[in-house]
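Just below is one structure, and these are the notes that go with it.
Chain naming follows the written order as A, B, C and D, and within any one chain the residues start at number 1.
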Amino acid sequence: MEVNETTVVMETAEAGADVAVAPASSVVSPIIVPSTGWSAADPAAYNGGRPPTITHLAQLELEPKGDNGRWGALDVIPTKADYLLDYLRANSLWPLLSGLACCAMEMMSAATSVNDMDRFNMFPFRASPRQADVLIVAGTLTTKMAGPLIRLWEQMPEPKWCVAMGDCTCSGGRYKRSYATVEGIDRVMPVDVYIPGCPPRPEGLIYGMLKLQQLIVGRRGQWADRRVGPTVPAGV
Amino acid sequence: MGRPPGRPHRPRGRLTEAPPDQSRSRPTDTALKRRLEARLGDQLAGPVRARHDTTEIVVGPGNLAAVMRALREDPAFRFELLADLSGVDTGTVLQVVYHLWSPLTPDWLRVIADGLPREDPRVPSITFLWKGAEWGEREAYDMFGIIFEGNRDLRRIYMPPDFKGFPLRKDFLLPDDAARSPGMGVRYMEQPVAPAETRRQPVLRTSPGTGSLVAGAGHQELVAGETAAPALSQGEPGP
Amino acid sequence: MTTEHTRIRSLDDPHIFVDTPATIYDAVPPYPPTTEREAEFYSLQDGEMLINLGPQHPSTHGVLRVVLKIDGERVVDLDPVLGYLHRGVEKICENGDWHHAISNCDPLEYIASMFSEAIPVLVAEKLLDLEVPRRADYIRVLAWELNRISSHALFIGWLALDLGGLTPILYGFIERDEIVEMLAALTGQKLLFNYLRIGGVNGDLNHEFLSRLGDWMGRAGQRIEMQQKLINENEIFVRRTRNLGTVDRETALRMCLTGPPLRATGIPYDVRRAHPYSVYPELDFEIPTRTEGDSWARYMLHIDEIKQSLHIIDQVLHQIPDGPIMAKLPRLLRVPPGRAWIAFESPRGQYGAYGISDGSDQPFRLRIHDPSYFNLQTVGLVTPGHLIADTMAIMSSLDPIMGGIDK
Amino acid sequence: MHAEGRGVTVITRPWQRLTLLGKILVPLLIVFVAVNIALIGLWASGLLPWLIQATLDVLGANVGIIRFLAAATVILLITVPIAFLIIFFEMKIIAFVNLRVGPNRIGPWGTLSSVVHGLKVLAKEDFTPTGADVPVFTLAPVVVYLAAVMTLLVVPFAPGLYGFDMEIGLLYFFAVGGLGVIGLMMAGWSSFNKYSLLGGLRAAAGIISYELPLILAVVGIVLLTGSLNLTTIVESQSGSVLDWYIVRQPLGALIFFIAATAEGGRTPFDLTEADSEIVAGFATEYSGMRFGFFFFAEYVNVFILSAMTTVLFLGGWNAPFDIDPVLEFFNIATPVQAVLDPGALDMGLLWVIALGAPIVIGILGLMVWMLKSDWSIVRSLIVGFLLFNLLLSGLFIGWLAINLDWVIGLFWFLAKAIGLCAFFVLMRGTLPRVRIDQLMGFAWKWLVPAALLNIFVTAGAIIVIKSLEGSL
């Protein structure tokens, strides 16, 4: 085991040594690699540019636009019940009890006594993604956490919404240039509401959630039009 | 945290160890200095320095275990608390720096294991003295690639286990230093996509700055060399 | 819990797909073991199974992932997996100048960020041999102790929350919100106050802060007493925390424990007394210690420290002198070359920083030593043999903050 | 579930996209259409009268089964508003304990927010994880919910108001109530998730070990009453508070309450869905309407357990004080006969309705307008109309309460039961959670011996009293 380990580290050390002599040519004209993470405004962005393996969300994407399965029984009873359902959904948003970093503190503070999210029926925080409606991504998303976060998102049943809370989740924020962070979660998952601020105040979060309610009520019927994947235009 | 325009980039040189100017420093405990020289003067690689409330000794990686054991268990020292364990990259060599606390002296003691080569940096692990140093050593291994011989659990602790390169080394360039980084603008999530069977190859997961993504002749060879390396078989998913 | 049967996204890398569901369901990493410890942990005996807590789990504060090896309800062994919040702060600090480092170190300890933002400040001041105006020092101590109280109030609530009590965390949050709003009135920012500056503080005490502070001091700790009324005499709470995760003195020293977990074992090590910094030598306070070393002792210790902090705040408000709050410094700060190690007492223990400067305006190396990083690994030592429910109690009694642990 | 549907026919995909509700409704629609067509055919062929006659004969042959089914359906429908009510209580009371406001947007004082939650859950995507045992996974919530509902069948709400009156009602209650743990086990095992598995096993261990003290605690009552019929038990407590069994069996009442808390999986015994340990317990993998079943079943259980505590120990529908002596003191004969016979004034009735109501409304409106003169006349008239209706309905309910004793009985019963529910919720807001070994130890080391002691003491007391009566 010790020997094996040694070999591994020798490898990596050599790699590091090679990089140590970065060619001076790169100083003059750095070569920018075109990234598939930017341009993809389609389900392909889910796993970094490849067409998604079958999840229930990917299957929704395969559906013809317009009528997808979010109305459940009402697929066979086409009525104006969409209005009612949107009203219900907008008024019972169960957030997923998941915080990544600093903003999670403000998220909890928004749910506690001083400013009470429960007034708007944005409670209770569900611990299991199967029962959650809205994923509040609060805090810096690192590349190591990206996989679990995407899986959480895929485990949530439709209809579901995503709220990006804080600068780090909107754009990378103060850790934009780190080697281990994702510059905005919209590279890896769809986002409905962006709440800037480092961190945003609890009132800001509640305002964003109220905006999300308006979004839900206003977007009746056109569910399938939501773009899955990065919403950042190329070249930003 | 971008740099304001027009501000010259900081010349990133090697670290030059200037001798501490004794005029401004206030050495507090001179007795400790004498005791250290008397007890383990032969094992020290350099003079005992004292500045502020910190006494500093430098040892070679060979003597480290003996020195630390003496410092912890000698009733004359009783440095019971390992305050910190840190790796340092001076640009030429790597160092491991320990900070110790003792109830017998108002000073911090800084022990520097100096002169670790970049290619194969190795120091003995001190987990037999402080079991709590285990994660500190894991972090130093993760960030600097320093191998602590005797640590049972020397894994990556922060970066993913298949990550190549050591972020805190000076030759690991952030995209921040855009003018000098071969991997400028390359972000982890943005790397070009390869077929699924080659996905486990570490080339695609090399960090920004390791240069494997730059289309250049030298780097192509580097890529080839890395893919051919036997260590890659460890990256494969389990059966 | 996964949506795919054949191909499952790896836990560590969203690009990787692991082909056997068993690997994910058993929380086994998708690569062969690389160390003895890993091989020993991920090989199961008869009747044992691995269960994966986190990285998203209600009671791992933040994105800590703990793989438990359980036999029935009993924890045989556990393996914490860190790095889900690793933001590379040390590297970023090397790439910005000393002033940037303040705002980069700020979110490390996001419950008590007034402490983590002191790291580059104190290091640079030590390297510059800088004398901070005494008023600035007093203001710093005031802010630190207020922040310590808010952090401890949250700790009490979280411990109760992980034991199943819903209410104390909300009382703790009321206290915390009051203090943080107070500090926001002083600093202008709610949670991550960029308040400390190299050579002083950002702004002088203003009227709103003082009025809020006076209002709060009138009924200081009232809700914390409400919490204690809910908790202290509660038979269930006491039975669930007594003799739980007990650490003795020798083990505590070997595990590099600092802060309340160390003092709960009877060692009165507090940097405010062991290596006095700022104006703490001029203030009168005690170092509360306990001897049991279990979760209950850690909890009671936090309450004692809250009282001590209130005492300190009282003295500071009486002794604070007039004068400047910033030392005279050049705009473009070039720190003289050298190495400096500073340590100060954060709510979770000894916060250390080791800075190296090469004479330029940027730190050559800024090592950040987070106490809860070293405190957390005690979980692996004391938890085996307890039940699953006790794992949460022990973890939250050690009070880990992932922002500081993962850096 | 998604795996087979990959790129296959047009029929299977919409079927998979339906929620559970849809999967139930669509076949019903088809069946409905088919039955209509068949009826039309029968009518055309002239066989319809014969068919109706045959049906009536079959129904008449076994009335008992029909009655049972009808009662079960009614009870099933009743549980839903009960669950909504208790969920709202829980949200509000816990908010009150937490110094919060609680939901106050939907409906007056947020009363409809629980309804919104429930209906939303119905319309979520219904999801079955791969690797789950699909039939078991699907049936588990149904088993849990039905076990809860069927126990409610034997609870006597008021004199003459019960789902089904059995001689062995108590036995039936414990037998059917024990079925719920099977549903939890099914859910925990079939979810293919370790949290669920742990939750299901915890539920099994806890409930099985708490069934024992739960049953032993009521043996004393059975000894005193000499009957397993719940109606008999309630009637034997008629009178004042002193006749309730909580006075005669305080230890039994305490044990029953604690064990009932554990049965319902409520704090401090809510290990089955301990958020901070095993994410959501047996319900971790459940989404949409199936989770809604669990969610409802929990609160229906709370109501049932408090209802049983009321029936067994708090005197059921009996008023806490004896009303008859008071009435006799005022020479009021019960039940009061209606003084007004509407049939007496045949034509005057129209006048009363046509003139009396507007006059009273006008008077009330005038009074309102005099009190608040800044209101417009119309507004005050509307308020007057509402007041008039309030008055009338108050009078009507009072008349009912005096003449039909089940109304006042239902009032007392619901008051006691919902008060107990509120107490459950209060405990949830206050207490932390016990550990699994403490749970079991408490059951086996304390509750069971105490229940046995209770039985012996009761039996001894009965023998002594009997012998004394014999000697006298």
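In this section, contacts are C-beta pairs under 8 Å (C-beta built on N, C-alpha and C of every residue); 3 or more make two chains touch, one makes a residue touch a chain.
Predicted model only: the values in this text are computed from it and were never measured.
Looking at which of C-D and A-C shares more C-beta pairs in contact, the answer is the pair A-C.
Subunit C and subunit D have centres, each the mean of its CA atoms, that are 47 Å apart. Centre-to-centre separation between subunit B and subunit D, using Cα means, comes to 65 Å.
Centre-to-centre, using mean CA coordinates, subunit A is 27 Å away from subunit C.
Averaged Cα coordinates give subunit A a centre that lies 41 Å from the centre of subunit D. For subunit D, the set of residues touching two or more other chains reads 2-3, 98-100, 275, 279, 284-285. In subunit C, the positions touching at least two other chains are 1-4, 10, 12-17, 34-36, 57-58, 83, 86, 88, 91-92, 95, 103-104, 170-171, 174. Counting partners per residue, subunit B has 1, 154, 158-160, 167, 172, 174, 176, 189, 193, 196, 234 as the residues that reach two or more other chains. Pairwise, the chains that make contact are A-B, A-C, A-D, B-C, C-D. Chain contact summary for the complex, subunit C toward subunit A: residues 1-4, 6-7, 9-17, 34-36, 39, 55-58, 62-63, 83-89, 91-92, 95, 103-104, 107, 110-111, 113, 169-171, 173-174, 176-177, 190-192, 402-403. By the touch criterion stated above, subunit B contacts subunit C in their complex at residues 1, 3, 10-11, 13, 15-16, 18, 20, 24-25, 51-54, 56, 80-84, 86, 88-89, 97, 99, 101, 106, 108, 110, 129-136, 139, 143, 152-162, 167-168, 172, 174, 176-177, 189, 193, 196, 199-200, 204-205, 234-239. Of all residues in subunit A, only 1, 4-5, 8, 47-48, 53-56, 96-102, 104-106, 108-109, 112-114, 127, 129, 139-140, 142-152, 154-155, 174-175, 177-181, 188, 198-199, 201 touch subunit C in the complex they form. The touching residues of subunit B, counted against subunit A in their complex, run 1-2, 118-121, 145, 147, 149, 154, 158-160, 164-167, 169, 171-176, 178-182, 184-193, 196, 206-211, 213-216, 218, 222, 226, 229-231, 234. Interface residues of subunit C, counted against subunit D in their complex, comprise 1-5, 21, 25, 49, 51, 57-59, 73, 160-167, 170-171, 174, 230-231, 234, 236-237, 239-240, 387-390, 392.
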